[in-house]
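Labels run A, B, C, D and E following the written order; every chain starts at residue 1.
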Amino acid sequence: MMEPILRGRNLTKRYGKVVALDNCDFELYPGEILAVIGDNGAGKSTLIKALSGAVEPDHGEVELEGKRVQFASPNDARHAGIETVYQTLAVSPALSIADNMFMGRELRKSGWRGKYLRQLDKQAMERAAREKLNDLGLMTIQNINQAVETLSGGQRQGVAVARAAAFGSKVIILDEPTAALGVKESRKVLELILDVRSRGIPIILISHNMPHVFEVADRIHVHRLGRRLCVIDPKDYTMSDAVAFMTGAKEPQKTAVPA
Amino acid sequence: DGHGTSACLITKTDTNPFFVKMREGAEAAAAELGITLASYAGQVDGDHEAQVAAIEACIANGASGILITASDTAAIAEPVRDARDAGILVIALDTPLDPIDAADATFATDNFLAGELIGKWAAGALGDDAANAKIAMLDLAISQPTVGVLRDQGFLQGFGIDLGDPSMWGDEDDARIICNEVTAGNEEGGRTAMETCLAADPEINVVYTINEPAAAGAYEALVAAGRQDEVLIVSVDGGCPGVADVADGVIGATSQQYPLLMASLGIEAIAAFAKDGTLPENTPGKDFFDTGVALVTDAPVDGVDSISVEEGTDLCWG
Amino acid sequence: MSEKSDNYEKGLEGASQTVVAFDVGDKSFLMRSQSALHKTPSLVPLVVLVCAILIFTGWLGPRFLPQMTLVFQQIQVVGILALAQTLVILTAGIDLSVGAIAVFCSVIMGQFTFRYGLPPAIAVGCGLAAGAAIGALSGWLVTRIKIPPFIATLGVWQIVLAANYIYSKNETIRARTIREEAPILQWLGLKPNEQFVNWIERLQGVTYERIRPNDTDQFLLDLIWQTKITYGVLALIGLTFLLAYMLRSTAWGRHVYAVGDDPEAAELAGVNVKRTLMSVYMLAGLISAIAGWSLIGRFASVSPSASTGLEGNIESITAVVIGGISLFGGRGSIWGAFFGALIVGVFMLGLGMARVNPQWTFMLIGTLIILAVGIDQWIRKVAA
Amino acid sequence: MMEPILRGRNLTKRYGKVVALDNCDFELYPGEILAVIGDNGAGKSTLIKALSGAVEPDHGEVELEGKRVQFASPNDARHAGIETVYQTLAVSPALSIADNMFMGRELRKSGWRGKYLRQLDKQAMERAAREKLNDLGLMTIQNINQAVETLSGGQRQGVAVARAAAFGSKVIILDEPTAALGVKESRKVLELILDVRSRGIPIILISHNMPHVFEVADRIHVHRLGRRLCVIDPKDYTMSDAVAFMTGAKEPQKTAVPA
Amino acid sequence: MSEKSDNYEKGLEGASQTVVAFDVGDKSFLMRSQSALHKTPSLVPLVVLVCAILIFTGWLGPRFLPQMTLVFQQIQVVGILALAQTLVILTAGIDLSVGAIAVFCSVIMGQFTFRYGLPPAIAVGCGLAAGAAIGALSGWLVTRIKIPPFIATLGVWQIVLAANYIYSKNETIRARTIREEAPILQWLGLKPNEQFVNWIERLQGVTYERIRPNDTDQFLLDLIWQTKITYGVLALIGLTFLLAYMLRSTAWGRHVYAVGDDPEAAELAGVNVKRTLMSVYMLAGLISAIAGWSLIGRFASVSPSASTGLEGNIESITAVVIGGISLFGGRGSIWGAFFGALIVGVFMLGLGMARVNPQWTFMLIGTLIILAVGIDQWIRKVAA
């Protein structure tokens, strides 16, 4: 079998009395869409934070392309090519859409003004931001210079998703990317996900939307009580089974874990 | 005729009763002579910047004369020169400028002498015990403004202690000095500083204080420690509450100065200058006009001139 | 796919209905103290305080510890101000006027007694009312005119301080005058333990001239006499308990935290943000006035130029921040401010007793404050 | 026809250049579940904020039970019996679950401690909070004294929904209440909505989840570009139609507006 | 229902693909100025400033306006400090040490020249480097040890101030000495316009003894002479432009805002929060040192007891907050701080020229600060 591109082993994270991750394992293979599903509070977000450097696990290790990595900050993970959309979106409320979209990788003007004065190319960034949002079907944004805090819930999420899709190079992690999106915008995001995979980049998708998950996922990691319960192939199981596993209504057979 | 004449009074602060009285004296004299008076002050003792801005406002307003108690005696010389260049008479009150001739005239107390008087008195009152006195020095502020240094060093000189560098306090190595603490010149600082000194050595028996409010605060700390009757407190200023404290035995002796006199003399000098350009004259033998300082105590000591509390009360201000 | 999609919720039947609980197993002492610190972060400044006391005891020997009662007295004013400051800071505000209010109210108490001849108790009442009224002014500026608290209270600070100088004509009322004619003004400076010993001795018919400790043969009475605690210190401790109760166990307290945490969310969730803020500023003004009364007790006289008027704000904010209360509001315990004030007090007295020159003391205090908070951060990190 | 219990007329709200509400009308009838659907940024949240006093419209009026009302703050609306779950949840991050749930209507101890010392009954509040969360199927909350900021996205939303359901007396407004919720928890919220209606309290439900909307709504208000495009009866139209209306793919016939 | 459910996305076919745009119609002057204020909120303090100037011109008559150049000189130090303060406040911090750094660096520049005999230009360089180094210390405390900025810079303030007194031995270096031996130290106090007039006159071979304005027959040269702008004022204006550019048009500037807005979000979004903070504190230290150089220019002498060391922090914060910059970070323009400093300067000089007595001035300044911010709030509300 192929080497996983991203792997977690025995990840554990406690917050005081609360156990958010409990010896959890995880694998993501090259070129696949891996869905992570689980009850609210199961520890999905904590898991991906541990993988992307936003949280330091108490125990356990993370491997990227077979090499052990220790990300001290999300920035490290980003430099390693892992791009994440966090559930809390991680946008700067008072800054504009374009500022947020290009935060940390701003475009500079060409020529001496960019080189010596380090001047930003605001027009280019605004144009690119507008295009990316249109690609997501977010046509209702009236003013590209609006502060993000003045956007609607869905528009805000669109900004975060567009950012990740534009810049991810090795792994893209999406934590409930369509939660606040409308029908049209959700559809666009699913298309975007498939498009990204077709470029060969693997994706981790956390979602509570079973039809979406079963539509796009290659494999489904079922998370329960802070650990991986099983990994299932969406072609072999029904949504009903998946829901039963994640809520504890049914126990998976041992063979459900193929990895 | 002082009609159309305007004058400025610039004090270190406008919260110290000393300067409040000085202002009142100046206002009274100005009203009498028909001079328009504008007063300015820093926010804290040592606020040089505000004094510069005040001089600039006086120049902008075309004043005839400026009375100033300088916070930074050397640094103020420059803006004072600008004012004099603009044809304004500048008189230093209370604190001489550095150099003293940076101002047209100086009406001041000799702060070093004020300190020296209380130092001599304290040494005299202790007699032979002065050799193993335990002294608390309650100074003004850690930025060591000149008045504070002059009085502190004057006291030590009078008491017979080697000064080290006379331009700063705290560098003396005489074992009789138990502590140097700062008080901000008020009761609050005086009490806390005295408590700290007593915690360091409960046997302290001489307390030098920068001014009378600090002395009153120190006294409360001594009362709390039950030592008020065994300790000599000396101070400087001669304000009426301070003189009353001498009468009550809170303070042993204080050097009295005369802010009202300084102010009224200053205003009169400006009026004379505006009239016909007369410049004020100095006290013979000194490079400034000495408004005088007198030691107020009811326990006079041989070899130190002093006036009684009664006389002091007649002359006190505030 | 379409045949599975619609009924996937069938899978819910039989879903687990138990609440999750993890067994964390036996706890070592270290873990238990960690979790204690985690649950009650206001313990952290207490730990720092104890360290500070230990260090000075090590440095200065046994003569330091008995001076702790003196530390309490030295912080009796700034401690009360820090309580007032805490309330405002918990709402994500700041009150630069607390020190000026204290001084002005002490002047009001004094002048109303001596200038207008009011009975001292009534004059004290007027002073306290004035404090609350000035607090109400700040509250009005913040809630109605929407001036940021920093600016509103900066303005009020300057106004109150100037009013204080103008109204008092910069005249000090002397300790002796007050002691003889209006002792109630000095009440917060009296020492209940001295009163108690005197009372016992009067009952016994003896009168020792207790000037210095340990000069009688009554060991117990000597000890009580020696522990010089003033009513002002008791007032500080009592107020801290009271406010801790109000903040923790009443709806008002929850609202104060909610307003500081996120005022918009609090408003949307049903808190009357304006009323809560108003009550906080008024209460802070009242407590500052109590600090003013305590100021008379501590310094015996009434002085309009007390440095508290200028420095009370920064000193109280320092105590609050050392106590681990966030300047961004919504987080921290009032006990933090209490311990914060004590930590600074211990440093000040300790360095003074060590005869460090005042300029160096100033520098060391700066260093120690940073150190204290650094240790605080470190303990928090280890405990997290 | 019945009088609407809550009505908005000609509501307009601009933010600088952005027009969030554009002469929008709105009616809610007693005892009904009214769904509001529309694209991201269509102005749904702004509409319900205008109705609940969280936003002051530039023009237009709001009527409650036929009487014109002007809510100066959400508190006024709440006192009039309108309880709202905002999309941004409106929770105080640093406070505990129970504190948040009872914010503004805390329970006091019985007896003198409650009466004179105004002491809160923390135990009662914690117990009630725990029960309400269990009702919503949020069993994964391990520590009822956790600060809300430490909860998972879905747990946080659960707290806000539980609060509204518990206290609404006249109208309950839910802005995307299930966006972050899992399958089980979403189902519980739908049950809760039906249960509330059966108590006679009308509900406004904003959601992007068409199956949910068509399952529970009595009428559907379709919002587009800041105004009401039409109101449809879910029995007369398909989801496909609804989606077509809200995205501008299809124009509704005039008769689609029954109110 | 189940037959409709799965394919409802069919409805998307033909969904509108145009971006929304509303036609807001013709704009009246009022609406246009509203939207100008809305887009550039830093204009608001400018409006307040203009109001203040108009009021004083009305009160004091024509003699006030020509003094505006004096106002610029009077704020040349605090204005530069306010720029440094703005940077830190934009990151949701606060820097209490700016004033002390300025004074200490001015002392370093002076003492390095006169005590160690270094060439003055190098001494200035050392002073600037010391400022940046002290800033780096604060930055290190804030980013590495995680001390809250208030406490870190409070400690640094005390340390620097004490070091300043101790190192300088409280000695003032006199103006005349500096002028004769190291005029570069005073460079920021020189007036280019005077230099220009002197230069023209030297070319023409004339020398007027220009002591007071308007005493020659050369109207134009008189006018230029009269407009007394110092290099320090030009430095203030130049620095403001430079920082405005850096904040608005470079990535670094965007990061500063992002860090102040929400540090966690900024970190997650890819900003190196620690490095950004470090650069901000260092830059603030450097700018404070420039203020120190300007202090020598303005006061001609080098004085360790300059009150900027004590009051520079509160004065700079006041300017920043009057300029509409949020103390919670992430919001506001550096121009606000510039106008904020000017507003205070206009009040101070105007009241001084109006001969208002100092205690009343103090009170009026307090009132005016509240009023200025109140008007600011009101304009913002109307413009929103």
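Here is the rule we use: a contact is a pair of C-beta atoms (placed from the backbone, for glycine too) under 8 Å apart; a residue touches a chain by one contact, two chains touch by 3 or more.
Everything numeric in this text was worked out from a predicted model, so none of it was measured.
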**Request:** Go through the assembly and pull out the chains touching subunit D as well as subunit E.
**Result:** A, C
**Message:** Report the chain whose CA-based centre is farthest from the CA-based centre of subunit E.
**Reply:** D
**Prompt:** Taking each chain's centre as the mean position of its Cα atoms, how many Å separate subunit C from subunit E?
**Reply:** 34
**Item:** Intercentroid distance (Cα basis), subunit D paired with subunit C, Å
**Value:** 42
**Message:** For subunit B versus subunit D, what separation do you get between their C-alpha means, in angstrom?
**Reply:** 72
**Fill in**
Going by residue number, subunit B touches two or more other chains at 14, 43-44, 142
**Prompt:** Residues of subunit C that touch two or more other chains: which are they?
**Reply:** 5-6, 8-9, 11-12, 15-16, 20, 22, 165, 359, 362
**Message:** Could you pull out the residues of subunit D that touch at least 2 other chains?
**Reply:** 16-19, 88, 139-142, 183-184, 210-211, 225, 243, 247
**Complete:** Pairwise, the chains that touch are A-C, A-D, A-E, B-C, B-E, C-D, C-E, D-E
**Asked** Where on subunit A does subunit C make contact in their complex?
**Response** 16-19, 22, 210-211, 214-215, 225, 238-245, 247-250
**subunit E residues touching subunit A - in the complex, by the definition given at the top** = 6, 8-9, 11-12, 15-22, 245, 249-252, 254-255, 257-258, 261-262, 264-272, 330-331
**Prompt:** Along subunit E, where are the residues that touch subunit C in the complex?
**Reply:** 2, 5-6, 92, 141, 145-148, 150-152, 154-159, 161-163, 165-166, 314, 317-318, 321-322, 326-328, 359-360, 362-363, 365-367, 369-370, 373-374, 377, 381
**Request:** Could you pull out which subunit E residues touch subunit D in their complex?
**Result:** 1, 4-5, 7-16, 20, 22, 24, 35, 38-39
**Item:** subunit C partner contacts - residues on subunit B that touch it in the complex
**Value:** 14-17, 20, 43-44, 139, 142, 170, 178-182, 184-189, 191-193, 195-197, 199-200, 213, 216-217, 219-220, 224, 226-227, 241, 244-245, 248, 250, 318
